[in-house]
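Think of it as A, B, C and D in the order they're written, each chain with its own count starting at 1.
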Amino acid sequence: MSTNEQSLETTFQNKIDSELKIEPKDWMPDAYRKNLVRQISQHAHSEVIGEQPEGNWITRAPSLRRKAVLLAKVQDEAGHGLYLYSAAETLGVSRAEMIEALQTGKAKYASIFNYPTQTWGDIGAIGWLVDGAAICNQVSLQRTSYGPYARSMIRICKEESFHQRQGYQIMIELAKGTPEQKQLAQDSLNRFYWPSLMMFGPHDSESAHSAKSMKWKIKRETNDDLRQKFIDQTVPQIEFLGLEHPDKALKWNEKRGHYDSGEIDWEEFYNVINGNGHCNRQRIEHHVKAHEEGAWVRDAQNAYNAKVKQRQAQAVA
Amino acid sequence: MSTNEQSLETTFQNKIDSELKIEPKDWMPDAYRKNLVRQISQHAHSEVIGEQPEGNWITRAPSLRRKAVLLAKVQDEAGHGLYLYSAAETLGVSRAEMIEALQTGKAKYASIFNYPTQTWGDIGAIGWLVDGAAICNQVSLQRTSYGPYARSMIRICKEESFHQRQGYQIMIELAKGTPEQKQLAQDSLNRFYWPSLMMFGPHDSESAHSAKSMKWKIKRETNDDLRQKFIDQTVPQIEFLGLEHPDKALKWNEKRGHYDSGEIDWEEFYNVINGNGHCNRQRIEHHVKAHEEGAWVRDAQNAYNAKVKQRQAQAVA
Amino acid sequence: MTINTQNDSTADIIEYALRLGDDSLILGHRLSEWASNGPFLEEDIALGNVALDYLGRARMYYTYAAELSGEGKTEDDYAYLRDERDFSNHLLNELPKGDFAYTIVRQLFIDVFNALYLPLLQQSADENLAAIASKSIKETRYHLRRSQDWCIRLGDGTEESHQRMQKSLGELWGYVHELFEQDALEDRLIEQDIAVDSSGLKDKWLAQITETLNKATLAVPDAEWAVRGGRKGYHTEHLGHLLSVMQSVHRRYPGAKW
Amino acid sequence: MTINTQNDSTADIIEYALRLGDDSLILGHRLSEWASNGPFLEEDIALGNVALDYLGRARMYYTYAAELSGEGKTEDDYAYLRDERDFSNHLLNELPKGDFAYTIVRQLFIDVFNALYLPLLQQSADENLAAIASKSIKETRYHLRRSQDWCIRLGDGTEESHQRMQKSLGELWGYVHELFEQDALEDRLIEQDIAVDSSGLKDKWLAQITETLNKATLAVPDAEWAVRGGRKGYHTEHLGHLLSVMQSVHRRYPGAKW
């Protein structure tokens, strides 16, 4: 590393240590840039792929109100995808490149979306648990060191809390509804609880990117801390619903001031990540199909814009 | 016309007048051949296109028994299409040519299949009324002058009567069922009664092909006679179901020994024939789509057969 | 609103509100099928917006019908517990979403129609219908700009996009005629200045469509076919499939609240 | 049939019969979607035949389960009044019909499996299950010949047909593993010689598939992925849509007879 680079890196780290934001035009280490591109684009892809499991129930939503709320939510996810792609673009990568990385499997998206939505209850559980887990993460990312990312997070967090409340509302209606509805709620809780805990990633001891990310304040809290927060906040919510907690080993630890919980089935976690989820193939195929079917539209738009430019140029000449 | 042709035509007409069948290798007038190709292929196309309106309810049939019966019926229709294409092929036209004529609109199919199937009751009404009308026609065609066509008709008639009974059974279940089911039956009867009468074609006075077809015994009974038979047989069936007759002008005519009936809305008839039915475009588009999607399968089969032939030839050499 | 005290008119108005509600619900449903299927993210969002606007209108019309009926009905009863034969939307709204060109052409047809229709409905002697129209007009202006823009871009884009647009125009043309037709029920309401007389709108509609298509280098179809029946519940085979999906959960749990 | 007097076994047998019934119904349903969609008329007919055979099996298994349950249930109660989470078919059966290659590959996988499975089920200590197996074996032999023939024709046909077959093999491979897996319920029934132990069939299955694919100039996929869960009601998103359509009319008219 040259002296110049060393001094740049020192300035960079000082800035971070003083809680100043790094902005697109600022110098930054290559690894910082890469790490951010990876994380932001993965986050963007998750929003976009997340349209699918929930979109799966728009046409079947059991009331017009719920249909409108769900449609608006799925639309918000597309919007979040947009902000995040834009934030990543400030780091010098194009949306087309990111989409290509998603479709070829080079870039990842949240593995939770490889679980199928089987019942209307799943729409409640996803809003409540999956968005809830996402928020725990995103709240801490509002203070992330990269400016455009932090600002996207502030905007996204507001909408996500709204989504979480809507999801929990669905759960309340179900849990306080007919016995069959309550059964729907319990079943969805059972299926989505553990995968939600997995959303925080491996234990800190196993996490590949954590140390560096913490130093650079890309991440502000560790996987395990965030997960603990989520576990703790979810207990009274389950109680309020009058549902059974899926974790039979769950126990209040007076000393820690937290709940101790049963161990996550990491084999399942890696199993789903590695392509054995119900929907891994389906999600990417769906994305590729929509993208390919839209190619002629994008081409037409470009062709039209070029024509307009040409006409304007001719008009000026 | 040469003397030779005249004598051939005399022999041909004598044969017909003596109720002998014309067979593929027999001499026949060009117009007879053309007329037959038109009629048989139209009949074949009707069976094939008829798969669609009924196929529309296979996935929604309300009991497993009905699902099996309906699936078998639709399959029978495909079978009838096959016999009839084969019968037409004996006249020197290929199935591919006939399909092409169907898809480009040169050949027709029964206009009844341009009406949509909107409810499960329609499956009953089609079996009962549409197949019933078809049978009236086909029974008389068992004695048609062209041998292969007559023999197809004998085979087809057996299955069609079976279908008609099944359709009527559906109507009985509905008409004797809950008030809502009875309403389904009445609604389907109302929608399919008049179009079924139209299936016999225009009045004899208006029918373009009738005179010649009667002379050649391609047709054995006139449109109006067949229609009258159908009207008469349907009255007690409607009564048995306890449904209202859709023809408010219907009245028994003691002198004629037949029912007098209200006038058919011929404007609607020609309207639907001329492309303004709900399903005209859909039916042909569906057929074209399935045919195009199957092109690679047909190609593969031909390629494989050619390979096998070539290998056999090489093995012999 | 003296009219609502007359029983006959009330039944007519309920039916009229349901017709407008059905048009909105079914079109909104079709548009909602674009979620995660658009040609790019911005379109997922924009189509979702339009879908939401239509869904919103459906809810207002149904809620008004439910109020008038005085039978304790809700918007959901109309959406989820009626059968195909009870739905009275124009056929144009129920046709499958098709490709993007098909969706844009349908929207153009309907947006131009609504841009003419809603200002008249806003003058309705029925204050509730007038109020719904007022809320909808602004949305429709935005929808219309979008449809016109897309129509021009795609018509005057590539050869493929031009062909797709022209094909969709041909496929949808026969379904527009019933938008301008009325039956005795609407005639009665027109006489009371409640319903809109759409029969007089066809010339203006055609002029505006022609103008947009000209800009888009597309030809106005001259095909003579016309399919009709939506207002009488006489639908294409597409609607039944839409309803069997849409109503599946609601019907599965009778009486449940969501 | 002394076994049926034991309550625990009865519940197990009902569940086992439902599993086999669900496999048959869902696959039969998918095959029935080919009506009017085949590549030529002969195939509309042939696929309809296979669909009918599976539908017939479903009815036999369900009817037997209904008899055992002794609650006055019918075959239709199982087909029409259970929810997605109650269905226990293997996932392979519920995947969409796909193109003709996809359908043929799935049939090949299942036909080879059934040709091994049914002769063992025919030996079941449960006479009713044995009888259903007996009736089905002949059908399956015919199905298998068809699948093998088509597989060879399409694999060794054109470049396009070869590619489509290879693609379908890749897409379906991960779904075959659960065919050879059992849970405690089936283990209990295996011990009583009622259920078939399919775990031992995998090698034979693979050998036969390999033989056919070799003849078809197709490669046996070596991908390591495996998706499972059907027997526990843990389904792909495709099944829900199938059921919402399939059950729509039946659920719409509760208690009606057809």
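Here is the rule we use: a residue touches a chain if its C-beta (ideal position, glycine included) is under 8 Å from a C-beta of that chain, and two chains touch if they have at least 3 such contacts.
Chain identities (UniProt): A, B, C, D = Phenylacetic acid degradation protein.
Here the structure is a predicted model, which is why all the values come from computation and not from measurement.
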>> I need the common contact partners of subunit A and subunit D, sorted by label.
In response: C
>> Tell me which has more C-beta contacts between its two chains, B-C or B-D.
In response: B-D
> For subunit C and subunit D, what's the span in angstrom between their mean Cα positions?
Replying inline: 43
>> Need the CA-centroid distance for the pair subunit B / subunit D, whole Å please.
In response: 35
>> On a C-alpha centroid basis, what's the spacing between subunit A and subunit B, in Å?
In response: 58
>> Give me the residue numbers in subunit C that touch at least two other chains, ranges are fine.
In response: 83, 244-245, 248-249
> Of all residues in subunit B, which are in touch with two or more distinct other chains?
Replying inline: 60
> In graph terms, with chains as vertices and touches as edges, which category applies: line, ring, star, complete, or other?
Replying inline: other
>> Show me, using the given definition of touch, all chain pairs that touch one another.
In response: A-C, A-D, B-C, B-D, C-D
> In their shared complex, at which residues does subunit B touch subunit D?
Replying inline: 48, 51-52, 55, 58-68, 71-72, 74-75, 78-79, 81-82, 85, 120, 170, 173, 177-178, 180-181, 286, 290, 293-301, 303-304, 307
> Taking the complex as given, what residues does subunit B use to touch subunit C?
Replying inline: 53, 56, 60, 116-119, 187, 191, 274-279, 281-282
> So in the complex, which bits of subunit C are touching subunit B?
Replying inline: 83-85, 91, 171, 174, 225-227, 229, 234-237, 240, 244
>> Touching residues of subunit D toward subunit B in the complex: what are they?
In response: 25, 29, 32-33, 35-45, 48-49, 51-52, 55-56, 58-59, 62, 75-76, 79-80, 99-100, 152-154, 156-158, 160-161, 164, 242, 245-246, 248-250, 253, 255-258
> Contact residues on subunit C for subunit D in the complex?
Replying inline: 83, 241, 244-245, 247-249, 251-252, 254
